[in-house]
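Following are the structures in question.
Shared between the two complexes below is chain A, which pairs with chain B and chain C, respectively.
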Partner chain A sequence: METKSTSSFTNLVDQSVCPGDVVLDLSKMINQTIKLGGGLRQDCDAISVMKAGRLRFSKPHKYWVENSQKRYVPYAEDSVLGIVVDSRSDNFLVDIKGPTLAFLPVLAFEGGTRRNIPRFEIGTLIYVRVIKANPGMNPELSCTDASGKAAEFGALKDGYMFECTTGQSRMLLSSPTCPVLDALGKKLSFEIAVGLNGRVWVDAASPHTTIVVANAIMNSETLSGAQQRIMVEKLLQRIQ
Partner chain B sequence: METDRPDGRTPNQLRPLAYSCSILHRAHGSASWAQGETKVLAAVYGPKAGTKKNENPEKASIEVIWKPKTGQIGKMEKEYEMILKRTLESICIRTIYPNTTTSVIVQVVHDDGALLPCAINAACAALVDAGIPLKHLAVAICCSVTDSGCIILDPTKDEEERSLQVGSEPMENGIMTSVTQGAMSVNDYLHCLERGRAACASLSEFVRKNIGTKSTSEPSKAG
Partner chain C sequence: MEYVSPEGLRLDGRRPMEMRQIRAEIGAVSKADGSAIFEMGNTKVIAAVYGPREVQNRNQQISSHALVRCEYSMANFSTGDRMRKPKGDRRSTEISLVIRQTMEACILTHLLPRSQIDIYVQVLQADGGTRSACINAATLALADAGIPMRDLVTSCSAGYLNSTPLLDLNYVEDSAGGPDVTLGILPKLDKVTLLQMDSKLPIDILENVMQLAIEGCKAIANYIREVLLENTKQLEYRRGV
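What follows is the complex of A and B.
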């Protein structure tokens, strides 16, 4: 029985799945605990797919669907790039490309007090952490990590921000370092911030370098690792 | 009795299908669906904050905007919008994003018959491209009954006289939407459903095969 249930989900792991596909039948499993990630849902005894993508499995019992889309779905503990769209007495309203605007409390900064509220112009780009993302509520953000330190969060000045898909931002943040960033880092000096909501910020000493890095990242979406390195090398040859 | 069709197709033969997704830069999801000369382009925006008119505190609402190729929106276009909205509402999981609105814009590029099934297929593909949570996929087909009582699939505009459009889901082979024009007997209707269901199975295989591959994936400037 366990062998059969094992073989049933093994067939679909790392395969492309469509909405409506049943990936697991709970009535055939015996006392197993499974964790469902994004893109899956439970419908009575069946675990079915909600979004088209690739089904992934992580030992011992985590399942999720890896997909790439332009719209961001807020989850807790994500690091995202937000744009300040309004300022209220208690909160900044921040656009993180989600269904609703997010709230950034004025006290959610390192050393933040009532007398020390930071000033953000409308349109400021900030690197924030999502701390609450419940359905039906506006997400809540913070500019500190879990221990209260500012770490890498805060406003990003200068530079250039462009948008990509959520799949590509996950690729840029993956470890080991993704090939396009690795190849660029060998030749150029730049600073980069990647948000899981599909926004990327790049800054360098000269606008020329910033544009090269941004174009290389934008072009690398559909390329494999080796192709990314080749593309970066050609790009760098062209500009020298 | 075999019916001679102007383009040489057999009664059960569909016109060539063409499908591509992620073709629009600004839309969160987009898809183009063509069957022969009929072509429809669908774009999805959202989920985004709901307006006062569309907002529902328990479910996401879906708004469908139909853009004809020429002329103003008339009663026929309004009916198409309503049919498309009901069909998409039945396949979306709407409880995940309450208080939001998802806009689906359907642009008719060319109409050579079987327009509504083409629009349904394009809209479903665009929803998948946008990452909207769906219960299952939906595919649609058009059947026509000729004067001699022969049933043909995927009619062109010249062949469209008494037509039946069936939207079905591949999982349970259920019927979500059925629209008829003209008059036909009960037996003809049931035969059309059988033929439509078989054709939807092959359409579903086509969609499933192509849905994973994206032609281009460009960032969105919307939202």
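What follows is the complex of A and C.
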């Protein structure tokens, strides 16, 4: 009975699913633990899909629906690019492309005290980490890593920021290195910050390079690895 | 006027239980969070979804679930005679409300508290069944935007003319004055989210007409599913976590 129910789930792994699809019947499962990620929900004795995408599985028992969208649903420990929209006495209000604005406490910086509160103008682009993401409250951000160090987090000066889908931002952050970044990195020198919320910041010595990198990334969304490399080569041939 | 010929054909050559050709396209509006074009014969509708996002009017914010807003309008050029008031009239307001209530039945609003989802639907070309086409377009746009849904909502109309139940009425059949049933269902859950009828109909005939509309809704659901799955295949190239 157990193997039967597990196999029904396995049949759908890496398959496209739609809202309303039932992927597992819990009434047939005995003494098994499964973890549900984004895009899945428990509806009585059934696990059903609530977002269109691909059903993914990670050992030992994690299931989620991988999808690509323009809006971002905040999750704890995600690194995102935010735009400061307002500043209050004890926190900054930051737009992270989520359902609600996020809070960045003025003390959530390396060595943050009341005496050295950072000054962020409205419109400043910052690279931050989501530390709390509960449905009933605004997400909370931090400009430090888990050990309290600033690391790569903080305000991003100069450069160019553009938006893409959440699926593409995951692709850019994937390991091994994404083919488009791999191909560009061999020929050009640039700095890049990718947020899981679908925002990408690029900075290079010349605006020319920045534009090439940004265009290459924007064009790469629906291309395979080989197609991405060919596209980068063609772009670089044009500018040489 | 004879709407069904002795050979069993309608004015546009369809059988009584035959739907018009349907076509759908996802991602028609690049700036929207989710968008779709849906065509049912000569009826063409475009839908755009924005959200979930911060509520613009703080007075409307709901702490327990998302606020769903809907705006229906018809393009000036959508009908034969140019429309003077394409939106804001009583009919548009009523259809906006119908679409909003139908979509709220499928959106898991409790997962997105204190946020707002805006659905904008515009009829580009009208030839009967605009309400159904709008609901189908809105469903696709919501799925494209990645908004959590219980199930896909699909809608279809059916009528009763010349003692014959007809599926998916066009403008001529719609304006004949006979009964016109618009039905919206959650196909996987087998639940009705919308049921409207103009005119009167005996209960036994209503059951036949409703059954016909349900079959139409399920056929549309299968097509919408195919379109969504085809769109999702682009993820094959993405190696996201």
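Assume the second predicted complex is superposed on the first by the 240 of 240 C-alpha atoms of A that agree within 3 Å, B and C clash if a C-alpha of one lies under 4 Å from a C-alpha of the other, contacts with A are read in each partner's own complex, and residues count from 1 in each chain.
To be clear about the criterion, a contact is a pair of C-beta atoms (placed from the backbone, for glycine too) under 8 Å apart; a residue touches a chain by one contact, two chains touch by 3 or more.
Remember, it's a predicted structure, so these values are computed and weren't measured experimentally.
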Superposition on chain A - do chain B and chain C clash or fit: clash
Chain B versus chain C as contact partner of A:Arg41, first or second or both or neither: both
First (chain B), second (chain C), both or neither touched by A:Val232: neither
First (chain B), second (chain C), both or neither touched by A:Leu141: neither
Which of chain B and chain C A:Phe162 touches, first, second, both or neither: first
Chain B versus chain C as contact partner of A:Val213, first or second or both or neither: neither
Which superposed partner A:Gly198 touches (first chain B, second chain C, both, neither): first
Contacts of A:Met171 with chain B and chain C, given as first, second, both or neither: second
Chain B versus chain C as contact partner of A:Lys51, first or second or both or neither: both
Which superposed partner A:Ser16 touches (first chain B, second chain C, both, neither): both
Intersection of chain A interface sets (partners chain B, chain C): 16, 18-20, 39, 41, 48, 50-54, 67-71, 73, 99-101, 135-136, 167-168, 221-222
List of chain B residues in touch with chain A within their complex: 28-29, 46-49, 57, 91, 93, 96-100, 128-137, 169-171, 207-208, 211-212, 214, 216-217, 219-223
Chain C - residues contacting chain A, complex: 33-34, 51-54, 63, 66, 106, 108, 111-115, 143-152, 186-189, 225, 228-229, 231-235, 237-241
Contact set on chain A toward chain B in their complex: 16, 18-20, 39, 41, 48, 50-54, 67-71, 73, 95, 97, 99-101, 135-136, 162-165, 167-168, 198, 218, 221-222
Touching residues on chain A, where the partner in the complex is chain C: 16, 18-22, 39, 41, 43, 48, 50-54, 66-71, 73, 98-101, 135-136, 167-168, 170-171, 173-174, 178, 221-225
